[in-house]
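Each structure below is given as structure tokens.
There are two complexes below, and they share chain A, which is joined by chain B in the first and by chain C in the second.
The block that comes next holds the complex of A and B.
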């Protein structure tokens, strides 16, 4: 299946909009070619390529909205999809929170496509698996992993003059290494837009090293410790916070940004001064589309937290209208500033603490304080006088990113990390944080 | 020496790990400053139990994970301090009534004060209302999460002389519960160090 280019995509969206008799018509075409290879027990278990293209059309008559999706692109099929959406819209009840679509937007292209990644082929994927498996076998470890690469395009258009088209590439890789007896576990994750910045062997070696070093873990008493959190330890925790920046939830008292007695915390200093977080679709490490798929609004570079202060909130079109504010485009990436120290240097400067490779099984406990619980995994180590002394048994933690970002002792050099369950592409620093709250022990490695 | 109403004395003893929960004293001292009008020395003092200087302390804290086996001079000073009107708060960091600290500490108490000296105090004891009101010893996060012996201890034990607690003994690991940077109290829905204020107020005569 051939991917569409801009001209082809525009021809299709123009046809769809022309077919529509509704007050407004929004079209989105998404196409992707995704390669994957999965390995386990030191052997490849599946590998393949999937290709798909879909067109979604959303129409509105007044405040009645209908949607239809189609994956055939001849005129007859396109018209059928439009008619179906219109029929559904006529049948739908009015949406009291309906806001009309945006008018023409200026989308400044972002560098989301890299030929090096688009060129990935089955041989490349096999080499990724071979690098991990070969390195693990050499050390009598058992490895499992998943590599996926994406070449896709996105096109959005509407009856008010919006048009955007862009191609994207990305890859992601995770690898777990275990000792044969199952007592040691290490893990690594990588993601990139540019395949030239990915090194499978370097990544696998990290998982392998952690697996070897995490055997014979000792139990440590739960409590509050200074911790060194790698980006994979904070990405899901912070991802929860990044998804909780909506003004509506804050104004309605449901979020951590709500103020007792009414109002929100925009402008307030909520975090340590070292905390600077922003979204920027043009960031070279984590480029994302210059528009938000949901609203079709053009994205901008936006400070989220500036020197510890809440610098902006997210306004949906409805809430912006209701409160007399400007609607904001949803963010696609999140970048957090850090220092220049490597993880090893943060460890060297720590008198007593725990290094956390990864957190997982993250669950929200209380949205109003952003209290989150989860487990450490795949390599948790005790540090004393600047050296890793021994692995420790994994912990359950109960902690809020608000507390974490108030207890920063030091930030390391930021790294690209894709979200596991978080929708953001992130650049996050490793962090040395005091008083991190471990509440109980976990038997899993 | 400056005129303080209270200073925090941590007792060092030779047999075990007395230097536990290092942030707890400054956290508790912060609470005394926040909740009371006591003139508080913000510096924790670490004094050997074998040193007669500990006899001057308004309050002493003793904790650990490991063996408690006092030297003759440690034993002598502790007995003199407790019988003479001092106050010691002893806390088992293991939260384990079958653990090494608990067994060996209780054995020492029997040796010094006799088999029946260390007794549970009722939940109506004055200790639980000396400043803030409690229904009994507050639970700790550690015990609710199964740390140590996986029990919730619903009592504290004490040795009393002259109708007053002179040695208060906990298996609840309060030291760990209060072991955090005092600036993080603002993130707690309920300040868990309030019970420490009760203990100290009681020790000072409340």
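The block that comes next holds the complex of A and C.
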């Protein structure tokens, strides 16, 4: 289906709002064209292209809300969508926590679209797979991977004057190389808005190198070790914490940020003072929409952790109203400050430690302490006197991101990292962390 | 693995603009009107013809209409009610020996034909990288057939207010019993799936599923401590009659510590117990780490079965197709070929079954047009088979598929997903109470908690919802901060007793994730209460800052 430009999208949102008889009307149009190629066993396994476009209408009569979504865009269908939403709103019970829609916002556009990425076609995707497969075959390795590219737009509007339109492109690539006998495995991940900043062969070579170096891993006793965590190894762990910053949960006493006796821990020093984390929709490495789709609030550059202290909490419109605070837009990215050293330089400065390429199956064990469990995977190495001495068998860990960010020895140069299960685009540094808690061994390669 | 983002949507205050994740909202009166099979056949033939004319040697078409309703409540408020619909067409082809796939929501003949041609073009672009052509197990077309989930009460016909009132009543019961906060949600799924292929099948299916997760949280502000207790029901593939709780479907847990449910669910009663037990957990004894005999209730054990039997016996993982994401498997083909790989103790028997009534994996035909069936995975503790699709059957020497192909949407490509994989009940008569009597130092675990397993399915860690200490054959009181760590083969070989069929019931996963791009699938796992001797238990209590 053809993607809409700003004028076409505006015309539709204006029509929808004009059809509405409700107290307020919110409109969203999302269109996407997504291509992908998946490969395994040194061959393509599946590849596809999906196109879709949807119009969502949310209306409110007083505190009753209803939503309808259609994928037809003629006048009759637009009116039908509005009537359906109104019907649902009349059926719904009142929500005492209803908060009226936001009024006109200033959305300062971010650089989220690149023609180079929008031009990706099936041949490009096949070449990406071919680059990885060819490099792996040359080293007698077996590769598996996934490349996907998106070309989409988003438009939001409401009856109080809100309007925003923006186009987006992005790509992501992950690749695993394994030895034919299954004794070694390496992995790499890349994501970018601009295809010109992506090199499949460069990425695949990292996975290949790790696979070759990870053969014949030795077992180390579980226990507390100094670890050098690559950004991909911390992204899901920190992502859990970034999703747990709500003021309401903290104020209600059901969050790691709840204060004993009541209240929250805003302003408290919870982490090492090297820790500085912020959200910034205009960051050139991880640009995101200048608005939050849920609330239509304009995003702002926001400090999350400043010199180790909790600098802000997330306030939903309802909780902000109830507590007399400013409502916050949901963040789209998270950026953590680092140093200037490369991963190799961090390793060179380590007397004894373990390098972790990737962590896997991260799950919350205890929301009270943010204790998380998971495993290392696809490249875990023992470091002695500044050099990687040998690969080690994978570990299970039980650790809290709060403890990790308290035990930082050194931070390296930040890198772009796309979360797998996390909703955030991230820029994270490699971290050297002491006393990381490995609790058992895994036989998995 | 289970995907969290879907649960996140269900968890709370998500704005209505998130609804496109689930599809297109629809008016209630349109829910009950499916597109006629004859009209879908015309559309399907359009795709089949366009694909073969473009050079496809095989083509299948899936025309989908996915209707969902979800209701989210928190405490005494309804936060969100949404009816959603998603419709479109997915076309899979083989051309030049390679797969190609394209999908579109443009359901005009031109739109569908274009998708078919696009799929062929993609297949041809990939064929040059293909070393071996895709080989499908033979399948005779079944002509025009229909299948539907058996149910008594269609969830689509129940007034929204009645459902919302039930959830609010549950929340109120939980809060009255001690919870500081309650959530109760209702997910209702209807998949209208039409499958057609160049083999000559035209299969119309109507699939229904339900899930009503609840959660009680108790807070002690003075100490800053909080604890939660999730619901002990299971998602099911049946009608709204599931909520018509029958006394005969209630199961007394060992020692009478709580009530469990089979075939129907008393959500208000479970919420009341949840509120009370969440409050009790605030003062429960913290577990001493060490080796324990674990008595695991089916509402808990299903997730362990899912992670360390269901996933490792997926043939695509064994072969390496998931190596980049979900991982491979420790049960490689050599273990199956040996015919003596001891997956578990002799009493351990696992059956794959897409025909179990009420199970989430219950279907008539899979997404390759293969009829649902039942087969052995583990027999007397020995690995005897895997789960396979049409393009994998020849690898394990079989000439027909197991019917394990599934796609979560018209817009996604079908691939290998697990069927219901269940532990058969014990052959000797044994109740949970009798099982506990034989335990000197143990823990009784009920309900699902956190879960994690490595990429080859050796090392896993599981928590739970409720934990009770067992000392010298008696349940002595609640425990907290419990998780067990195991190696899969050691764990199933430590299986020392299984209660009989009177105790057999299913748990289920509504949003099991796998594949790239990741898709979700719903699947059930049945078992009776089962004991495992000498399992390593850790204490998960931590203090921060």
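Rule of thumb we're sticking to: the second predicted complex is superposed on the first by the 445 of 445 C-alpha atoms of A that agree within 3 Å, B and C clash if a C-alpha of one lies under 4 Å from a C-alpha of the other, contacts with A are read in each partner's own complex, and residues count from 1 in each chain.
Just so it is clear, contacts are C-beta pairs under 8 Å (C-beta built on N, C-alpha and C of every residue); 3 or more make two chains touch, one makes a residue touch a chain.
This structure is a prediction, so every number in the text was calculated from the model and none was measured.
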For A:224, using the defined touch cut-off, is the partner it touches chain B, chain C, both, or neither? Pick first, second, both or neither. first
Chain B versus chain C as contact partner of A:44, first or second or both or neither: second
Residue contacts with chain A in the superposition, chain B compared against chain C: C
Touching A:403 in the superposition: chain B (first), chain C (second), both, neither? both
With the two complexes superposed on chain A, say which partner A:111 touches: chain B (first), chain C (second), both, or neither. neither
After lining up the shared chain so the two structures overlap, which partner does A:440 touch, if you call chain B first and chain C second: first, second, both or neither? both
For A:71, is the partner it touches chain B (first), chain C (second), both, or none of the two (neither)? second
Regarding the shared-chain residue A:5, is it in contact with chain B (first), chain C (second), both, or neither? neither
After superposition on the shared chain, which partner residues are touched by A:123: those of chain B (first), chain C (second), both, or neither? second
With the touch criterion stated at the top, can you tell me which chain A residues are shared between the chain B interface and the chain C interface? 369, 396, 400, 402-403, 406, 439-440
Quick check on the complex: what are the chain B residues that touch chain A? 21, 23, 65, 93, 141-142, 145-147, 176, 179-181, 183-184, 187
Across the complex, what residues on chain A touch chain B? 221-224, 369, 396, 400, 402-403, 406-407, 434-435, 439-440
Chain C touches which residues of chain A in the complex? 1, 26, 28, 30, 34, 36-54, 56, 58, 65-71, 83-85, 87-88, 91-93, 95-97, 122-123, 125-126, 129-130, 133, 142, 144-146, 148, 156, 174-176, 178, 182, 185, 187, 243, 252-254, 256, 258-262, 268, 270, 293-295, 316, 318, 360-371, 373-375, 377, 394, 396, 398, 400, 402-403, 406, 421, 423, 439-445
The residues of chain C that touch chain A in their complex are 1, 3-5, 8, 13-20, 23-28, 77-79, 81-85, 87-88, 98-106, 118-119, 121-123, 125-126, 128-132, 160-161, 164, 180-181, 217, 219-228, 319-325, 327-328, 330, 332, 411-413, 415, 450-459, 461, 463, 481, 483, 485, 487, 516-517, 536, 538, 540-545
